[in-house]
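Labels A, B, C and D are assigned to the chains in the order they are written; within every chain, residues are numbered from 1.
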Amino acid sequence: MNRLAVNLPGLSLKNPIMPASGCFGFGKEYAQLYDLSKLGAIMIKATTLETRLGNPTPRVAETSSGMLNAIGLQNPGLEKVISNELKWLEQFEVPIIANVAGTLTEDYVEVAKHISKSKNVHALELNISCPNVKCGGITFGTDPIVAAELTAAVKAVSQVPVYVKLSPNVTDIGEIARAVEAAGADGITMINTLVGMRLDTRTGKPVIANGTGGLSGPAIKPVALRMVYEVAKQVSIPIIGMGGIATVDDVIDFMSAGASAVAVGTANFVDPFVCPTIIEQLPEKLDWLGLNHVTELIGRSHL
Amino acid sequence: MNRLAVNLPGLSLKNPIMPASGCFGFGKEYAQLYDLSKLGAIMIKATTLETRLGNPTPRVAETSSGMLNAIGLQNPGLEKVISNELKWLEQFEVPIIANVAGTLTEDYVEVAKHISKSKNVHALELNISCPNVKCGGITFGTDPIVAAELTAAVKAVSQVPVYVKLSPNVTDIGEIARAVEAAGADGITMINTLVGMRLDTRTGKPVIANGTGGLSGPAIKPVALRMVYEVAKQVSIPIIGMGGIATVDDVIDFMSAGASAVAVGTANFVDPFVCPTIIEQLPEKLDWLGLNHVTELIGRSHL
Amino acid sequence: MIRQERMRVVKIKEIAHNIFEMILSGQLVHDMKSPGQFVHIRVSDSYEPLLRRPISIASIDRDKSEFTIIYRAEGRGTTLLSLKSIGQEVDVLGPLGNGFPVHEAIAGETVLLVGGGIGVPPLYELSKKLVEKGVKPIHILGFQTKEVVFYEEEFLELGETHIVTVDGTSGHQGFVTTVLADLKPDFTTYFTCGPTAMLVAMENMFPDKKGFLSFEERMGCGLGACFACVCRTTEQTAVDYVKVCSDGPVFPAGVVQI
Amino acid sequence: MIRQERMRVVKIKEIAHNIFEMILSGQLVHDMKSPGQFVHIRVSDSYEPLLRRPISIASIDRDKSEFTIIYRAEGRGTTLLSLKSIGQEVDVLGPLGNGFPVHEAIAGETVLLVGGGIGVPPLYELSKKLVEKGVKPIHILGFQTKEVVFYEEEFLELGETHIVTVDGTSGHQGFVTTVLADLKPDFTTYFTCGPTAMLVAMENMFPDKKGFLSFEERMGCGLGACFACVCRTTEQTAVDYVKVCSDGPVFPAGVVQI
């Protein structure tokens, strides 16, 4: 028995640990460091229809226990992602979750339609929560009706299950979660970054060229955990939790709050081996808790 | 000329630094450490009509660069606050901003009516953003119409200017800010805490007895700064900024983003002398920036 | 007076498994008033960890301007504290709170000092003060296991000392209450510090005795300002609540609802 | 191969005002390929500061498994790094990026090495490698003021060295370009590292020369995965952008839009 295996719509995960979208590129760089087949899955960088060159630099800034980023969805575009990146990833035994972004509903639909046909793409992650682009992104993530419509439109064309990635920058995240569930989402991934800002104390101007950026890292863990806990009570589709995860204890916490699997983002920059390290430590941690299987963790806060 | 003086509705501040509500009690404890007359103002602990005993303990938990609290508005109640606490504070030359809380609109109105008559209360801070009480608090702070109605009701009875304290747990904080401005608010104080959670990794249960708590401290500074920046663009009433301020540089940042004065909360627990220290360092920092007066900082990010 | 001071580490030693004794030097020592008071320590200049850690004063040496703390390196903060080396500075806020009332014991009397685990340290300074005064202490010190027993010798020098471990690997086997039930000591007043379960047991065992208990609660400010460490009181008291940090940590038996 | 290693501090010394030289020991040294590569350093085990800091490799001693970094203690991270002491461990990720192409210079040639401030360090290992090969380096090293000048002797040992300070307190007065305008040196290739303004000046001054420039950009991963450090390229290139961390930090003149 594999004590770490988790089954989710479209995803047969050998363990519940995966790198978060945008924090792992398309895997090539981290493949220099370890075998990507160790991972439960990989959430690849957001893919848009066309090539995107992203925002001007500086694109990142450090904050207390966190960082801001405004990459601006830079990516080679649908075609190249399919023919180069996904193709290259086929050498690993790891399911890919393709993060889909766009400006209009049609963009999302187009990307979803094609990328979901790729052999190793086992699920889509609808990015309706990117705070760093002018149109699309977060605008879809703050209105339950708009979010539901987009979800339904993508579901209609996708060959694989669709997870919707929620934005924490809302008054009531449960409302959005329920709306996308009702619209047919197979799962939820959460949370994306909190909108934040850092100023250059000397000049008074924003450090990030884009002005604002998305806050990630350990600083946001309490907010992410609270939201996972809240949404877990309100939906019955599975949640992939993220936001500040950096240690095996963080994984336990998110799964306890109701996540069925987790993603690690910013922590990859701090410790590039963080994912395999956590995977290695999980069994020992289950022993410590007196649990046989990682799925026993899911939602135990609610018992 | 006092380079640090700032004039705001009802408040003639000798400097723009004040302790934030709930992080300084009613001043007595910190008066053992330094002369409270040094402070620009004092925001006292939330006052409700009746005595409140608050939430069960544990009420606080540490997080990365932050902390969660769920005190639950514990306070001796309106009468005792006026006759004991405010009376005692009269010995200091420092304007008091009274933080007003309640369950129903009538509670707020009643507290505001009486507390605003106290000699040293120069302004009210309407707490429509406390995340740690079941009724009242944050429920008033997430709906612009409700927030506006409450503001107008309190304005109608208050003898002193009314500042409204905004919650960051909303999709569009600018909307709430505009609503309370239109309803007659004299100023805005922001931000209150972000709703968060910490779990005991061993048991999977929340560390804070209340379940969730309010996240404060350096971790939330980027979010607070972004919100101050955003609201400053949308309203013309002054803002008292807060959220993670711990150093003189943080003060510069918040004022640059558009705050006319700032409040220091959690940092008082880390360094009980943080307020006088910052006040002492401010002139030197103005020199470094080549500025004559602290008011020149206000909103320079927007230039 | 409460001060904030960067105090110098004069000594640091692991005296039992994960239990560290640290001696700090500075002026703040001269403001310490009673055994059982505590200090609030910032373990690093980073914001992570952010909050100070409350640690009891275990021993005071006024002549040398030094005092001792004894702590278990357990979570993030105390582990960082255990990594300090001699000569480094530690940011200390204190002395805080109200300690054990030494004046409640009279010369010639026998008193009971009951400590559990990391609740033992403040009893050491207390015992020194009592002995100085001519009071005879009996020490009952409970630990989990032999590995984490500390200061047995030090307490023995001051008076009768009984060690008890849950697994029986050192001293008696059981809990402090096991020893007390066997020993049936004759005493006027008890002083105790340790886990809540032990405090409850003590109150229950000696309902008619004068006793003083030291409490623990999660803290924010440590000064009385934030209402983090509030405990409800029993009906016998005139107030609804007390703050562990500024009203306590030591309270007479029967005050705090436990 | 890129490794993550806890390397030991063998030496740490303030060699100029706020400029520190640190020697680190470990196996990672043996994977270093070219001068101009960098390492990504985690300065503490706390999450605050969170991100690694990119620092150039200033000198390599393969025999001893040691390498040197030289950095200015400026912000929070580098200040913490400057407080390390001998024997402590530092978490290093590296070697990263592509350095200066030593093979572009041929024995007997004269080349120009132009550095500004904390852009000077990587030129030292580069110069050593060039000299080993029989290439003759001319060093033009610019600093703000005398107080922050470092490694003058070390560069002198390798070849002709001109120091220039903005305020004229050491060497020539002015910028590296002032010296270059006076000196009119004869060379085949230039290698440069320093503030962007200096890189721009170099490209403008020698539009027809072969040149290699080392760039700085804020980084997240340091590996090429996060798209933080992207620079737009000029029209002469086939790609739209390059990443400073993995495609650079060194690029041929004319590649990066500056």
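Here is the rule we go by: contacts are C-beta pairs under 8 Å (C-beta built on N, C-alpha and C of every residue); 3 or more make two chains touch, one makes a residue touch a chain.
Since this is a predicted model, take the numbers as computed values, not measurements.
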| item | value |
| --- | --- |
| Relative to chain B, chain with the most remote C-alpha centre | D |
| Where chain B and chain C are represented by their mean Cα positions, the distance between them in whole Å | 36 |
| Averaged-CA centre spacing for the pair chain D and chain B, given as whole angstrom | 47 |
| Two or more partner chains touched - positions in chain D | 47-49 |
| For chain A, residues that touch 2 or more chains besides their own | 63-66, 217-219 |
| Topology of the chain contact graph, where touching chains are joined (line, ring, star, complete, other) | complete |
| Residue ranges of chain A in contact with chain B within the complex | 63-66, 68, 142, 169-172, 194-199, 201-202, 204-206, 212-213, 215, 217-223, 225-226, 229, 244, 249, 252-253, 256-257, 289, 297, 300-301, 303 |
| Sites on chain D touched by chain B in the complex | 47-48 |
| Residue ranges of chain B touching chain D (in the complex, touch as defined) | 64-65, 218 |
| Of all residues in chain A, those that touch chain D in their complex | 22-25, 28-30, 32-33, 45, 51, 53-54, 57-67, 69, 71, 74, 217-219, 246, 266, 268-273 |
| Footprint of chain B on chain C - complex, ascending | 1-2, 4, 42, 47-52, 93, 217-232, 240-241, 246 |
